[in-house]
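Okay, got some structures for you below.
Across the two complexes that follow, subunit A remains constant while its partner is subunit B and subsequently subunit C.
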Partner chain A sequence: MDNILECANLSKIYKNAIALSGVNLQIKKGRIVGLLGPNGSGKTTLIKLANGLLTPTMGDILIDGKPIGVETKKIVSYLPDHNFLTGWMTVNQMIEYFSDFYSDFNPDRADKMLESLGIDRTKKIKTLSKGTKEKVALILVMSREAELYLLDEPIAGVDPATRDYILRTIIANYNENATIIISTHLIADVEQILSDVVFINHGDIVLCDTVDNIRENEGKSVDELFREVFRC
Partner chain B sequence: MSWSFSNDKPIFQQLVDIITLKIISGEYPAGSKLEAVRELAVVAGVNPNTMQRALTQIESTGLIFTKRGDGRYVTEDEEKITEAKTDYASGKVRLFIESLKALGLNDEEILKAVNNELGR
Partner chain C sequence: MLKKLYKHEFHSLFRSLLPIWAALIGFAALSRLTFLTDLENDVLDMVRGLSVTAYIFAIIAVFIVGLVIVVMRFYKNLLTHEGYLTFTLPFTPTQHIVCKLVCGAVVIIIDFIIVIGSLLILGAGTEVLGEILDAVKLTITVLPEYLSVGQIALISSEIVLLLLLAPLQSLLMFYAAMALGQQFKNKVGGAAISYICLYAAVQIITSLIMIPIAFVGAGGMEEFNNLINNSVMYLEVFLAFMIVYSALLSAIYFIITRHFLTKKLNLE
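== the complex of A and B ==
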């Protein structure tokens, strides 16, 4: 099995909107993939289908060759695009909670990241700033030893210095066989760490290639190509 | 030589250039051991696969080599490094001459300007 994620003719139709229409996509193990598209293009829908928060209207989605279920959730670490932390808990309690819930949670990794980002572990989540909440959420998600990380807008609310630290942390911590899918608008910031990019628009995959190929064939960065493809 | 990247070239290609310069300039001395791929990738802020590809490419030029089970080293062959330095210099000079010729300077004028700068 070379592919960690496979979609075949995958469609999701909400009451009066088509979110994904017949998506065919294969993502290999050991890659860092950027899922890029304008607002409302279907990025979050795709990610939610991959972790079972939504079910497809048509088509199939497989993770590590298996349909979405308990076995796939064990190996998928998901960062939602909104705050999912429990406000009354302290950072420490949140760590214990994750540690208890996920057998692949590595507390040492979380300790290291909390320390380098100078986060006070005794504080309650609800007293933290928006950016710090995002940092804690990402630390929790990246401290799992998962096979597939689904990061929905992971760095949107943090300052550029922290952004750099987080991207380096991602590179330093992910295992070579693990795959990371990052959905984001901040292409220029993440481009260097991506191996592949998927452009999505109106629920369709419009481009899927390696970053090196794009730069070689187009003579421009992924960020520039994105601005061209999605010019308003 | 810092790890900064331009928009118009593949990142692995730019990594090849940066690491080659680090070897030419002696920042990575002849015979010294390189950091592991993952560590180099973190320092440069790039994908480890991209760093791997760049190192493989430099390896094919002979500037670095792998000791099995130990890691990568800069070549001990000083001649090879000198050769890379000469190549790099010729490339730069060629570009420089082209840019001056495009402005309408002839060989003699270019040579004179260079000699003046060098204080001869």
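== the complex of A and C ==
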């Protein structure tokens, strides 16, 4: 099986809005994919569906050929677009928590990253600054040796130095057999690390191609093409 | 792996509850100590008064704060930002609900054990405790004169089962209300409205069912007349009915909770 993520006629309709409209998408293994689109385009909905946090209104979504469930959760490492850590726990307790539930969690990798950033492991999550919380969350997510990483807006709302650290962390922990899907609207910052891009708008996939093809065929950077496609 | 889910659940609950339980036992012991001496003076009277007042407040705290902690744990861990992590752990929503339910029910049972333990400390060495123990012994001696061993076994089992079902039913009602409430924009308000609606609906249905049962003897139905003339059998049947009714309500609450957390999850 070459595809890590497959969507077939996937739709999600909320009470008053269509979030995804008949999406057909295949993401191959071993790629770093940018899921790019403006705010409200359906990026987070697609990622939530892949994590089982939402159920599709219609259609199917498969991870490694399996419907979303316990087996897919074992191989997916998910970074939501906001803090998801437990406030009363210390950083050490969060590491223990991840170690207990994810057999692919590598505590040594987490230790090294925490040490390199000088994060005090005995501090409670709620006492950390917003930026430090985001770094701890990323460290936990990237310390798993998962088959699919779903990173929802990992660089939104952080300073440029932290942004660089996050991108370096993603690249440093990238296993060539794993797939990373990064949802963002900050194209210029992530373009350098992407192998494929998926443009999404109003719940529809408008483009799905490799970065090399875009540069060769369009003669533009992904950022330039994005600005053209999504011009207001 | 499932054991670890329970381990973390108990850890989360116990870290808040242990100080309350310790305070209750502490105040019971302090109150008992102040009554060890017959010495009368203003300071000792004040200490006695304060320790007994603190003990009474601690009993109230054990039950009310204990329940609030269990209910809030469900809400925070599943329906707020923490839910993003909880629901992406490799477990099904059903496993999460059952884990929270079992741990919550265990906490409520421990609450009762701790309160009984504190009462024993308070009454240790006093005549009151001796009188209670005598009354229990007397009941155990006298009961076989009126009831057969089978009847005692059946009624005791039914009462134990009802006592075990009671915390499950009340917790599941809170869980169902919270699962329904997250469909509203204001989730806490939605949960409160859902709880009131569920409570009212259950009260109406229970009344509609109980009224015919209470008046069935006056209905001239011979079989039922015979049944209620035999009060022991009536008690057995009534308790059995209550068990089935409680189990049925619990099952309905569980299905509502499971449905909304599986198909209609709406995290912040």
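Observations on the model:
The criterion applied here is as follows: the second predicted complex is superposed on the first by the 232 of 232 C-alpha atoms of A that agree within 3 Å, B and C clash if a C-alpha of one lies under 4 Å from a C-alpha of the other, contacts with A are read in each partner's own complex, and residues count from 1 in each chain.
Everything that follows uses one rule, which is that a contact is a pair of C-beta atoms (placed from the backbone, for glycine too) under 8 Å apart; a residue touches a chain by one contact, two chains touch by 3 or more.
No experiment lies behind these values; they were computed from the predicted model shown.
Superposition note: with subunit A as the common reference, subunit B and subunit C can be accommodated side by side. Once the two complexes are overlaid on the shared chain, A:53 sits against subunit C while remaining clear of subunit B. Taking the C-alpha centre of subunit A as the vertex, the lines to the centres of subunit B and subunit C open to an angle of 160 degrees, rounded to the nearest 10.
Using the contact criterion defined above for the overlaid structures, shared-chain residue A:100 touches subunit C, although it does not reach subunit B. After overlaying the two complexes on the shared chain, residue contacts for A:171 are found with subunit B alone; subunit C is out of touch. Using the contact criterion defined above for the overlaid structures, shared-chain residue A:69 touches subunit C, although it does not reach subunit B. Of the two partner chains placed by the overlay, only subunit C lies in contact with A:78; subunit B stays clear of it.
This overlay, made by fitting chain A, leaves subunit B and subunit C with a least C-alpha separation of 27 Å. Taken together, the two structures place no residue of subunit A in contact with subunit B in one case and with subunit C in the other. Against subunit A, in their complex, subunit B makes its touches with residues 5, 7-12, 38, 41-42, 45-50, 53. Subunit C meets subunit A in the complex at residues 1, 4-5, 7-8, 15, 77, 81-85, 87-92, 262-263, 265, 267.
Subunit A contributes residues 51-55, 69-71, 73-74, 76, 78, 80, 82-86, 88, 97, 100-102 to its touches with subunit C in the complex. On the subunit A side of its complex with subunit B, the touching residues are 30-32, 164, 167-168, 171-172, 176, 192-195, 211-212, 215-216, 219-221, 223-224.
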